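In the two assemblies presented below, chain A is common to both, partnered first by chain B and then by chain C.
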Partner chain A sequence: MNCRSEVLEVTVEARQVEEAMLALLHTILLHRSTGKFHYKKEGTYSIGTVGTQDIDCDFIDFTFVRVSSEELDRAIRKAVSEFKDALSSDGMGQISLEFYQKKKSRWPFSDECIPWEVWSIKVNMVNLANEQERQICREKVGEKLGEKVINVVEVINRHEYLPKMPTQSEVGNVFDTSLKDVQPYLYKITYQITDSLGTSVSTTMRRLIKDTLAL
Partner chain B sequence: MDSDLSPQDKKDLDKFIKFFALKTVQVIVQARLGEKICTRSSSSPTGSDWFNLAIKDIPEVTHEAKKALAGQLPGIGRSMCVEISLKTSEGDSMELETWCLEMNEKCDKDIKVSYTVYNRLSVLLKSLLAITRVTPAYKLSRKQGHDYVILYRIYFGEVQLGGLGEGFQTVRVGVVGTPVGTVTLSCAYRTNLAFMSSRQFERSAPIMGIIVDHFVDAPGGNPRPINMGQPCNYRAPDDDDGGALGVQDSQEVCTTSFSTSPPSQLYASRLSYQPAPAGGATEFNTNQGLHAGKEVGMVLAPGADVHLTVENAPNTPSSSGDEEGLLQSGEGRSVSPSDPVESLNAFTRKVGAFVNKPSNQITGGLDLPFAAFAPRGLDSEENDPMVNPPDSPPSQSPLQASLHSQGSDCSGQQDDFVMVDFRPAFSKDDLLPMDLGTFYREFQNPPQLASLSLHTSSQSMADDLDSLPEKLRVYEKNIDEFDAFVDMLQ
Partner chain C sequence: MSTVLKIQMSNAHMISSDALKFLLNIHYVYNLHQKNGFTCMLLGEIFELVQLLFVVGFTVFLANCVDYDVLFANKFVNHTDSSKVTLPDAILPMDVCSAHIQDNAFVIFVLIISGVFWLHRLVKFLYNVCCYWEIRSFYINALKMTMSELPYATWQEVQARIIEIQKEHQICIHKKELTELDIYHRILRFKNYMVAMVNKSLLPVRFRLPVLGDCVFYTRGLKYNFELIFFWGPGSLFENEWSLKPEYKRGGNRLELADRLASRILWIGVANLLLCPVILVWQILYAFFSYTEVIKREPGSLGARCWSLYGRCYLRHFNELDHELMSRLSKGYKAASKYMNCFLSPLLTVVAKNVAFFAGSLLAVLIALTIYDEDVLAVEHVLSSITLLGVCITVCRSFIPDKHMVFCPEQLLRVILAHIHYMPDHWQGNAHRYETRDQFSQLFQYKAVFILEELLSPVVTPIILIFCLRRKSLEIIDFFRNFTVEVVGVGDTCSFAQMDIRQHGHPAWMSEGKTEASIYQQAEDGKTELSLMHFAITNPHWQPPRETTHFISQLKERVQREAAGSAPDTHPLSLSESEPRSLVANIMADPSTLASVHFACDSSLTNNAASGISSGATALRSLSPISSSLHLRGSLSAAHRASGFTGRTMAGSGTDARTVSSGSSAWEGQLTSLVLSEYASTEMSIHALYMHELHKQQSRGDLSRHTWHRQESDESSDSIPDEVRSEPNAHSRNFPRSHTFPTTLTNPVIGSGSAGTAMSQEEAKAQSSSQRRHSGPAEDHFGSGGKSVRTARLPMGGWAEDGKASSRHHEPLQEETSEDELPPHIHKVT
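Right, the complex of A and B next:
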């Protein structure tokens, strides 16, 4: 199947990068997480409950909703923080959240990871000279993030391809079952940095933040 | 056609839609209570959390919703609407947004009710959670308190958007197709809050224009009464939005002078007072004894610790030359009372938006108190596009008129100049204080790019072409240098 790809672009100040990324990534994951599955006999299952939490940003006039899961939040923060550290003060970068399915292959081939949805968030960093500009930036970025959230919601509510609900044996190929309280679709976060000269990608790093154990 | 739908499916679908409607109302109302919402995830299903989401049920809200639905379900032509409005402490009110849960005829026969529809409704609720934090009313609701409260009203039937004013925007939260129709959830929100600001202005005659913005600034401390007076037919249970309402002044909100700068600066004169370094912010009433230029010293003397600085008013950056003068004279240096005229000169140097050119005004300014700080909109700084937008906000004119009138009797004008400046720490920069409104106005009319002006571009193009062979020769000569440079980069 074709992988659905969406690109969002934001321009932020250095100290806003983390919160902006958290806001967008958590908004996406809110829609791409379910409660924990509990399989019963006869192939039926019940689903746990997902709680939500409002998070106010400190450097942006914005509030976003995320899933109430400390584990998930930690994982996302870790990835965002690495991304932020890699970004230079006025560079550009892109962080990608990819949802994938695992397809088991016969030995000796390792499992394939087939993406079905990729969200790329392009970040342009700016340096601001004074507090006045920063204040303006707070509000502008807040508005922009609001627009991005609306974009995300629009895409998700097209209800395009989603992996089929798996049987108990297959659940690890579709969902990340390692968390205690929620169950997002299998995802990975990667990022790329473009240095400020605009030359082609100078570093590409792949980090698998959460993955069910591959054989 | 329900013939394709099994009775069980039909029953399930009706139940889903009913509870979806109730949960939608809960999400919307809870998002407007003014506090952050937090619910816990639970890995073991409790069986009572509809759509696998932990959404609390506030009993009064459920009661109101059920009352409005009166046993019916949202259907074609029968929409469920939640109207959010703002009501001030004086009793004025204004509709802010209307959330509509509608059903249209487009059916999706093949969809599985118990599974796909349910999951999609769950996703739609999550989207609603996200979108309720994004519309302008969210910020207003977070700041509700003793100046205004946010109210809700649920009604069923035809959607009424007339109360939202002109130019309202609509955002669609999402749709879910079902065998009996497509469920649509959307929000129409007001964008035109300007009438509030003009009302506000009539009451208190601020010195500068009101900036209309959607988003509310951080609370300052300017207790101006609001006078909206818009007729609003609604009955809303006031108590339901009680919750934990923080005490906030929302003056800035209601005035819609949603300036980004600290609110006091909006209304403050161009004269602003730096807090004494020792203590906290020292608020200074410029009305105190500032009768004539000569008496400037008197203002300073009583507050010996107060350092008088004339700084740019937030919306009125001065030209750079003036800034330097100001910085020298300002910046925490106490102006000696013994030299009031010089002091006046010193701080008229740093001119804010509404200050006339100092060289012209110093002598004239001495006659009229605050004339030095008069709106400078009339003599706009043609050289500096940053300084003043071409259109002065209309609200300036009454004040300008009063200042430029020959009024030697200044006491009335002094009343207009009561300004209390709040200067929160780190709130603005000395160099270029500017709030969003000014920023926007200025950059609406940027100066023409030199390279775009026609007569020079053609010339330079020709020049460029002519000089190309020459340049190429030079570059070829230096080719080794360039190669070395490239190697260095790699």
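Right, the complex of A and C next:
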């Protein structure tokens, strides 16, 4: 509840899924990453530089900008390809990018993740009959992605809540410090596949048991 | 480019990550406040757990390990040293005891069930302790309140601090400022739904039974089941604590969803049926252990009354916190029980008098004999018959009316109304009727009946669930779809709780011309309007949307003008019936005197408050002629106040000054907020009375549109033309009259003739706009199975900061929505 959520929706062909997802996720992460922090004395720090890189898509008429960090790219590619594999040929799915803050807890409990912004990208897959349609689709998806990128930038440009800049000891609670060259806000990528409407009996039962156990 | 930046060194980050989560748990914050801090809460919960263990353990012990033959002296124990029977003699040895238990399958069954139940409670308790520990640190770190001062801080103060830290740390990330309404919405999300459902008679709690007639059955067990089904049970309508599942927001497959809900209700009903013996045993044991002691101590308590669970739901405003409701109802308790005592059946009285006489004489003889020689007590059953006779007399006495009581139900009902704020239309003027009394007793039942219903509940609940609630599943689905709005930063709330006159106002309750609601959307009994007034009065800082502000100020102005205009005429009759009047006077006198005392010593109260009180006094005077003593007192305190005022300059507007005062020293703030809350409840009483009065005059001549209980649904009531409703003459309509004193009617010509004409102009305007209302498409869709399509109206604007409202309206950036589905009827409110 206490977190912004933004929904993007795209309709693509099967082979475009990967690139479209990469384009959107990278666009968002570009704006949610900073250079590495170098802490100086008490309470001051400097921010390292971040390089950017233009990426051309193969199956879409589109070029996007991403942070030039191989590590980050690898992580996202991995998540996206998992999503792509899970997605059936004309199903629907949703991949979401969630930014969160960590809250340290005492021993018996694991750390809590408190999300503050969630981007959900809904994907509709279509099957196209012939090459001509593919050609049209290639252009159309490119245009649509361009619009989405502008949307993303608009949302990010609003002056809304962002976590406060942390001190050195707490930087790990706000930023992902595991990467060498860039420091995005803590994020995680999840996806879910909606094959058909309504859930089957077994999943309902499983949910029921899970809900009961979870108080 | 590498710049050096500075971090604000503080524990800001810690608080902010705490706070993000804290907002989800704001009801814990409220609960912790209501339970007077962490330690009290902890102790209370621990004792509850121990109590559970004790109840089970002690019962098993009594059933299996006591040799009753020894206790009843049917069997003799041979002691070597003395002939006295001691308690340990009656207790069986351990091995015999455990053998007893092991033989008895039922006992083992009960033990296992209660063991599981207890473990469940224990886990929940541990979880709660962790939660509350965090909330405690939130109180200490962020709100800067220690646990020891918590019991002495009012909720309004806590709330003010929460709003304060929002400005600093932005605990709610969606908006810059948190309003009181947001906080209330979060705490009362589900309660508001329940209140709305009771208000729209959606829940099957009223039944027409062959012998008992019209009756209400609503127990804690039933309520628990309702909440389980709707809000938090597995597979409920809500996916988490703050949002309705998306499929329930779309009208597309409502039939399918209704089927699913119906089958869920069936399953839960069956589960209830299966668990019925266990719950029944539990209820009986629990009732036995918690009430026997009370009954023994004061047998009269069974004859005492309490507000029923249904009454609490019916009388609750939207957005009213528990403690506010409780204090309101407690204030009305005295008058209510007095009212109920007016209706003792004369037949019963005669019988009771005689039974009491005979029982009394027997008791007197027994007591006299005992005093003479206490060996009488040793005779078998003498002690028990003394106890029984005592109980019998106490019960009988409750049926014998007080000799000095005066039968004046109409007045009493008015006093009750001043506190409970809601009452069906047909009660007024019929207060002396038995039907009214019967219906009131549904809200205000005997404690004994309450206990009995609780005991019956495990048996009746599954029946209600399976046979009554299941049939309503479609209506329930429609209700949740139609009356859920998504408020940014709050989540899904009941749209009634927005208290928007335009969407849910009722034309017969002063929102004529302002409301655009169809009959399906109107809240009954003026709930929207009264709730709005209540909320605005209890939270003076709250800034409602513009239209609503207009409504509030208009009403306040009217009340004030009535008060100022009507000459304070003291009627000669008014002295004779001083009893109810003095109650009315009490409402008035207490806070005003309190306030005036406060004024004398401290200059932090505001002219707003003062004028409110005096206007309150005069308004009450105009509602029912009040004895001159009150008038005197009122004017005295007014004079007092005036002198207080001239001595200083007023700084700031009325509402601002309140913050100043509450922010000063703790003690002073305490006093002020107490006085203010006292004052607020008085002001609310006056407004409630006034609104009821106005409503009655407005709807006179109108066929009573809504009855005490609306039948299944309200297709039939759609057809009343508005013209009938509004054909009043300006004077009689504006002047609130007292029914019992029709003579005052002759001189109501009101000091303000100009006010009268102004009113009539307003009326004309209202009328014309009310006709416009009919041309709207809002009412077409009602009728087909209760399905109502809301017209695409703009959501209330200006809820947050004016200008930015549209920009922060965060739409999903979606394209191609499938056309075959109905659009979700969810308004986004920024």
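Everything below uses one rule, namely that the second predicted complex is superposed on the first by the 194 of 215 C-alpha atoms of A that agree within 3 Å, B and C clash if a C-alpha of one lies under 4 Å from a C-alpha of the other, contacts with A are read in each partner's own complex, and residues count from 1 in each chain.
Everything that follows uses one rule, which is that contacts are C-beta pairs under 8 Å (C-beta built on N, C-alpha and C of every residue); 3 or more make two chains touch, one makes a residue touch a chain.
Everything numeric in this text was worked out from a predicted model, so none of it was measured.
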| item | value |
| --- | --- |
| Chain B versus chain C as contact partner of A:G48, first or second or both or neither | both |
| First, second, both or neither for A:Y161, with chain B first and chain C second | second |
| Which of chain B and chain C A:T27 touches, first, second, both or neither | first |
| Touched partner set for A:W116, first chain B, second chain C, both or neither | second |
| Partner chain in contact with A:R74 - chain B first, chain C second, else both or neither | neither |
| Set intersection of chain A contacts, chain C complex versus chain B complex | 35, 38, 46-49, 165 |
| In the complex, chain A residues that touch chain B | 27, 30-31, 34-36, 38, 46-56, 61, 63-65, 67-69, 129-133, 135-136, 138-139, 142-143, 146, 149-150, 152-154, 156-157, 159, 165, 180-182 |
| List of chain B residues in touch with chain A within their complex | 36-46, 49, 52-54, 115, 120, 122-124, 126-127, 129-131, 133-135, 138-139, 142, 171-177, 213-215, 260-261, 314, 426-429, 431-436, 439 |
| Chain C-facing residues of chain A, complex | 1-4, 6-9, 11, 35, 38, 40, 42-49, 101-103, 109, 112, 114, 116, 122, 124, 144, 148, 151, 155, 158, 160-161, 163-167, 170, 173-174, 204, 207-208, 211-212, 215 |
| Of all residues in chain C, those that touch chain A in their complex | 1-9, 12-14, 16-18, 20-21, 23-24, 123-124, 127, 130, 170-174, 233-235, 240-243, 489-491, 807-808, 810, 812-816 |
